[in-house]
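Chain nomenclature is as follows: A, B, C and D, assigned in order of appearance, with residue numbering initiated at 1 for each chain independently.
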Amino acid sequence: SDNKIALIPGGPHPYFAPWEQAGKDAAKDFGIAAVDFKVPAEWKLNLQTELVESLVTQGYTAFGIFPGDAVGINSTVEELTANNIPSLALAGCAQDPTKVSFCFGTDVYNSAYLGTKALIEALGGKGKIVHLAGLLVDPNTKLRMDAVEKAASETNGAVTVVQHITDTDAQEAADQKINALLGAQKDEIDGLISTAYIPSVVAAKSLRNLGDKRIKLVGIDDDQIVLDAIKDGFAAGTMAQNPYGQGYVGAYALDLLASGTCTVKADAPFVKTPQTERFIDSGTLLISNANAATYKDDLKKITTEIQTSFKDKYLDCK
Amino acid sequence: MSQNRNLTFGQRFLANEWSALAVAIVIGLVTLATLSSAFLTEFNLYVMLRSFCVVLIVAFAQMLTLAVGQMNLSVGALGGLVAIAVGGMMEKWGFPVPVAILCGLAIGAGGGLINGLLTVRTGINGFIITLATASAFTGINLGITESIPFYNLPASFVAFGTGRISALPYLLLPPVLIAIALAFFLARTVPGRQLLAVGGNPQAAELSGIPRDGVIVMAHTLSGLLAGAAAILAVAQLGSAQPSIGVDWLLMSFAAPIIGGAALAGGHISVAATALAVVLIVIIQNGMVLAKVDPYWVQFLLGALILAAVGLNRLRAVRAGGA
Amino acid sequence: MTPSSDSRARPSWLAEQSNLIGLAAIIILFWFLFTSLAPGFVSSFNLFALSRSLAVDIVIGFSTMVVLATGGMNLAIGSIGVCAVMASGYLMQTIGLPIPVAMALALLLGAFLGWLNGFVIVRSGVNSFIITLASASLFLGGMLILSKAQTFNALPPEIAAFGRMRWGGFVSPLLLVALAIGAALVVLFRFTALGREILAAGANPRAAELSGVPVGRAIIIAHTLSGALAASAGLMLVFRLGAAMPSIGQDWLLPSFLAPVLGGTLLAGGFVSVVGTILGALLVTTLRSGLLVMQIGNFWLQLFLGLILLAAVMIDRYRGVYAERRSLGRKTNLGRKESGRRA
Amino acid sequence: MRLTIEGIGKDFPGVTALDDVSFEILPGETHALMGENGAGKSTLIKIITGLYRPDRGRLLVDGKPVDFTSPRDAIAAGISAVHQERNLIPRFTVGENIMIERPPTRNGVIDFDKVHSEARRFLDMIDPTIDTRTEVRHLSVAQMQIVEIAKALSLEARVLLLDEPTASITGHEADALFAVVRRLRDEGKAIVFVSHKLEEVMAISDRVTVLRDGRIAAAGQPIAQMDRGKIVTAMIGREERVAEMGTRSVDRTKTVMEARNVATSLGHKNVSFQLHKGEILGLYGLVGAGRTELARALIGDARIVSGELRLNGNPVTIPDVPTAIRRHRLGYISEDRKAEGLILTHPIRSNIAISVWRRIASALGLITRADERRIAHPLVEKLEVKTPSIEQAVGKLSGGNQQKVSIAKWLAAGVEILIIDEPTVGIDIKTKTAIHELIGEITREGLSVLLISSDMPEMITLADRILVMRDFAIAGTIENTRRYEPMSREIMGLIHAGSADAAPAAETAHG
């Protein structure tokens, strides 16, 4: 098709790096004119919206957007729809009511839940844990907190969540807060569950630096530092998300929608989340010493599964 | 115009820059130590000292421009630029650490030099000049990195950022040396005194044969150099060269010297008082975390602190009878 | 010779005009450039987006301009703006007040915070830079503490609807609001005693005071006005985004100075150019949008903005110097130092 | 070293400060430089010391042309100066201020013991009592002046320029200075000495050069061949006599302003006086006597702490300047036009209308430029302000025309009492007479004037009665007989009663 598709993260963040390759592959595999990875200069709503607007002006016909601001993005999305340009929320969701066709990303609740489970298991079923979370303004953070609490509560008291430390998804902040935490309470706590990229990295580093293998860490995403920490036993595991898949399948779906050949099924089997009625899970899995070598292929598998079944599962096509 | 020989003790105490700060710090230490057992633990002290390092140098960077009655709104931007430059040189071009550091410092000084030259050559208010160059520096930073940090830095370098002897981080060494050097420079060397002279009364300085413009350029250059040093330290501390380094320096850079009693008009700064101001700020921030207080309070208290400080300075001026 | 009342003879008036004409020329040039290189630039979609962000930039510029008039600064504009924004959100969403009432109250809050700045500056006699630097973080901190940085996203739909409204296909009503404010400011500074007093207080506070101008009052009013304008800029963004969020205003510092300074307003105080500020804002918005559309933008944008500002102030400066050179023999800054000495 | 000034000229916006000035300064002489306020003395000195560059002409040192681009060049060439305005670093110690040009260092590090001992040497020449370790900001004006002199001496220059060094020091210190000057001269140094105090000049100088309106009126005349009369004539371009003010009949029954044992927050002690309708009441004193401060207290810019101020018979307390002007019709023309008098960047129009903006504004607070012109234009013509346009920025006018504008401002404001501080500082002789006549005229029209001036002839020309102020108190009041010699003797008597050693200070002034 001759669609020009843009994949736009909320701002510069290592998590989104795989989107670039995913876009290229999608363009090749599905014969799309262009699938470009466009990053706003900073994590600021106005920069993201200005970027989207300028891309529309440049003739892009579909957008896969990570809503840096789940609400703020909607006014822009409305305009896209008004100019009948389809858009998806990728990796994170826009807050309903929203005009994005659907939200395709990690089921953050589930991922955080599984992560905490894994941590509890590593702790042998009891202990005090601290939750390192991302931006407080990001509604997903709330979900993750709930998930962590839920997993802990299922141990009926054996595991307690001492504290949720939020706004740790930036280097300076993470460095300052996590070190302060370890400084103040490293002897009281037994485990760390991180549900954001950067605190996972920083926590892994700090524990290595402390030389402390007693405190168990379960992080998120597959930054090399975290993987090394797992290898050397400073971290119990990390929850892999599927950014590549999000970019790849996202581009595929956008292409179909933009070409006008397909529309979103009314009765598609969407997952309901507190944020949106129309959510699709892009898959998640736990990386531990066991599968550290092979997890990439597992993710690839998940991706292809979703992609092949996507059309008839979620779309009406002529 | 009173002689300050016959002052009461109270007046003499009020009359020196750091008195109030010292008191505030002692109070802060005591309260936190009593409130939280964790406060005085070795690791926590290490954490505090560690966050102290970068801020201190940033404050000095601003202090030097304030000394000549100028401002440098580009400390943060310049810092960010140096940070990614150093990171890039080490990761992409594999420069040896010392070389990279020297280049970084050179870039910082260069940026400062540009600020200084533009200010004196054009005679445009330094505020506007540095506001503009700040945007330019940030632009270069973002343009080069596309905001992607450099993560893989030499182990030795990163180790320096995290290493410590009991509670003392290696990171503490540079700021301490810089502080001493700066104090000596301003108190005992000719360029140092000239710097303060120009700040104190530009025309008098010029009439006394001091190269006014040259001194202002020097102040800006040194300011840039220190911004660079701070950035390199920040990189070592974070273990990665973040393009975002420096974005939140501005407020701090002014807060510390001003709380330390520096006069915007120039000619009056104090290395010791500025350092104490930074200590106070760090203690407050750390206390916030210990007390699990909403981080937003830091913002708030910093503002309050500045107001309190300027208020106190005026009070002191009145009491000590000096204009 | 006997004096003529011919106002065209006033040199600074000419200087002002030449500045504006120069600015306009640059803007037209860039529009030419962008339109020819990226036709999409003048698409109604882009023009609409442009007019909307222009509206905000103009008002932000005004907010700084009125304080520059007194020879002071207001670094708290962003903080005041976001305080007003969150207040309006709270009033509309949580309290459920009707839109106009909520907006009015938000503006009042902005004005009050500005008044607070002015009051403290005048009473303490401390440099406005320090006071507003401090109050900026006070206000922002206070707002965050109270709002817990939670976005208000269930605002009445009319808000977003108004923000999306287009006149003539590509003009946002917000722009007309901004221009209306501009007109009001022209009247203030050209045709009212108050405006003149603000300018006099800025040009030479001591002389103004001794000529019977209540300088303190003038400064406080200027800051109050600045606060109200910052608030209105924030509210414009609420309309645009259909939500009240705590991230608004963080990056206003640069644009708030860009517009007036490009427009020829003096930092020293005593002279403002409303039209200049509007043109300055237009230049900035044009560049932002244009560079983005031409794909240069995004990451290099900041650099260009910085360089343009430098270029603009220097051109302006050298025209000024040249003008003075013709009357004054020498390196011009000395004369200024002389007269500044006792001030 | 021989310093030749050759056809030097210098322009400032609206003023030609110097025009075709040529004379020579020889080694081993004390060369007095005389001239009224604004004659161009300080400007010439600033050119010799490289602070300004001449627009015309050149300087020669020992016959070789030199071009000083900055004070450093001049200092390097062996020229040092005490400038008219304070040039000390407030927060530096006396010692460091004195040695600031070349602080003694030991391997790159300033040796402060040496700084103070060196400074001591030069300070002792004039006043051993000042401690070199105090910060300058804690000194009195007189002490600062002495530090300035010591600073200039410390350069051990071959040419020493002193611009009104004795303006604010006592006769005792002045004598010490003169001793040093004589010694330096005998050592073959050249000293240029600027002073308004004729007696001093006659006493210590060998030759005298007089400037008038920026031109040479007398070049390098041996003092032996000059006398007071000759010098003054050269200075003011006419026989020294009191200009006719026309018949002045003041109705002494109507008292518009009366001070009863007023003490102020600025340190004035029981100041009492009466100002009658249509009267010009002179207020004379040395620099620092507290006249400007008194004026500030009277207009509500400083507090009156005890005693009472009566306007038209009823006691008033004036909270601030605006009230003084609006409610009490009381105005003040500052001695410092540039800093306090006018808004230099704004046009004549609004500088005149500024005091009536509130009054001419419509109900909505609206005023138009036309309204302002209606006020300003007649006055600009009445006072014959020389300007291409009423829209001209005031900063571009000559000093005299600037002064006319500030007077016009108060006529516009319709004040009944006007305090005028040093009305003719830095104003050329012709405009000066014009302004004198203007002041006479406005009082004849019913305004009452409190005139502060350090210019004795001016005082005796204008004032009906003269208050003499000393140390923030009134030393006495004298009916003006308008006969110069006896008047000045009487006034000086009042000033120096008590402080016997004070230098004679006729024509004291400061630019």
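Heads up, the rule we're going with is that a residue touches a chain if its C-beta (ideal position, glycine included) is under 8 Å from a C-beta of that chain, and two chains touch if they have at least 3 such contacts.
A quick map from chain label to UniProt name: B = Autoinducer 2 import system permease protein LsrD; C = Autoinducer 2 import system permease protein LsrC; D = Sugar ABC transporter ATP-binding protein.
None of the values given here were measured: they were computed from a predicted structure.
Minimum number of contact steps separating chain A from chain D: 2. Common neighbours of chain A and chain B, listed by label, are C.
With each centre defined as the average position of its C-alpha atoms, the distance from chain A to chain C rounds to 39 Å. Taking each chain's centre as the mean of its C-alpha atoms, chain C lies 42 Å from chain D. Mean C-alpha positions place chain B and chain C at a centre distance of 30 Å. Among all residues of chain D, those that touch two or more other chains are 51. Residue positions of chain A touching 2 or more other chains: 39, 41.
Along chain B, residues 142, 146-147, 203 each make contact with two or more other chains.
Across the whole structure, chains are in contact as follows: A-B, A-C, B-C, B-D, C-D.
Across the complex, chain A is touched by residues 36, 38-39, 41, 43-44, 46-47, 50-51, 142, 146-149, 151, 162, 237-240, 242-245, 248, 285-286, 289-290, 292, 295 of chain B. Put simply, chain B touches chain D in their complex at residues 1-4, 188-190, 193, 196-197, 200-201, 203-211, 267-268, 322-323.
Considering their complex, residues 73, 120, 124-127, 129-131, 133-142, 144-145, 148-149, 253-254, 257, 261, 267, 299-307, 309-310, 313-314, 317-318, 321, 332-333, 337, 341 of chain C touch chain B. For chain B in complex with chain C, the residues that touch the partner chain are 71, 118, 122-125, 127-129, 131-140, 142-143, 146-147, 202-203, 251, 254-255, 258, 264, 294, 296-304, 306-307, 310-311, 314.
Interface residues of chain A facing chain B in the complex, by the touch rule stated above, are 11-12, 14, 17, 39, 41-42, 163, 167, 170-172, 175-177, 179-186, 205, 209-210, 224-225.
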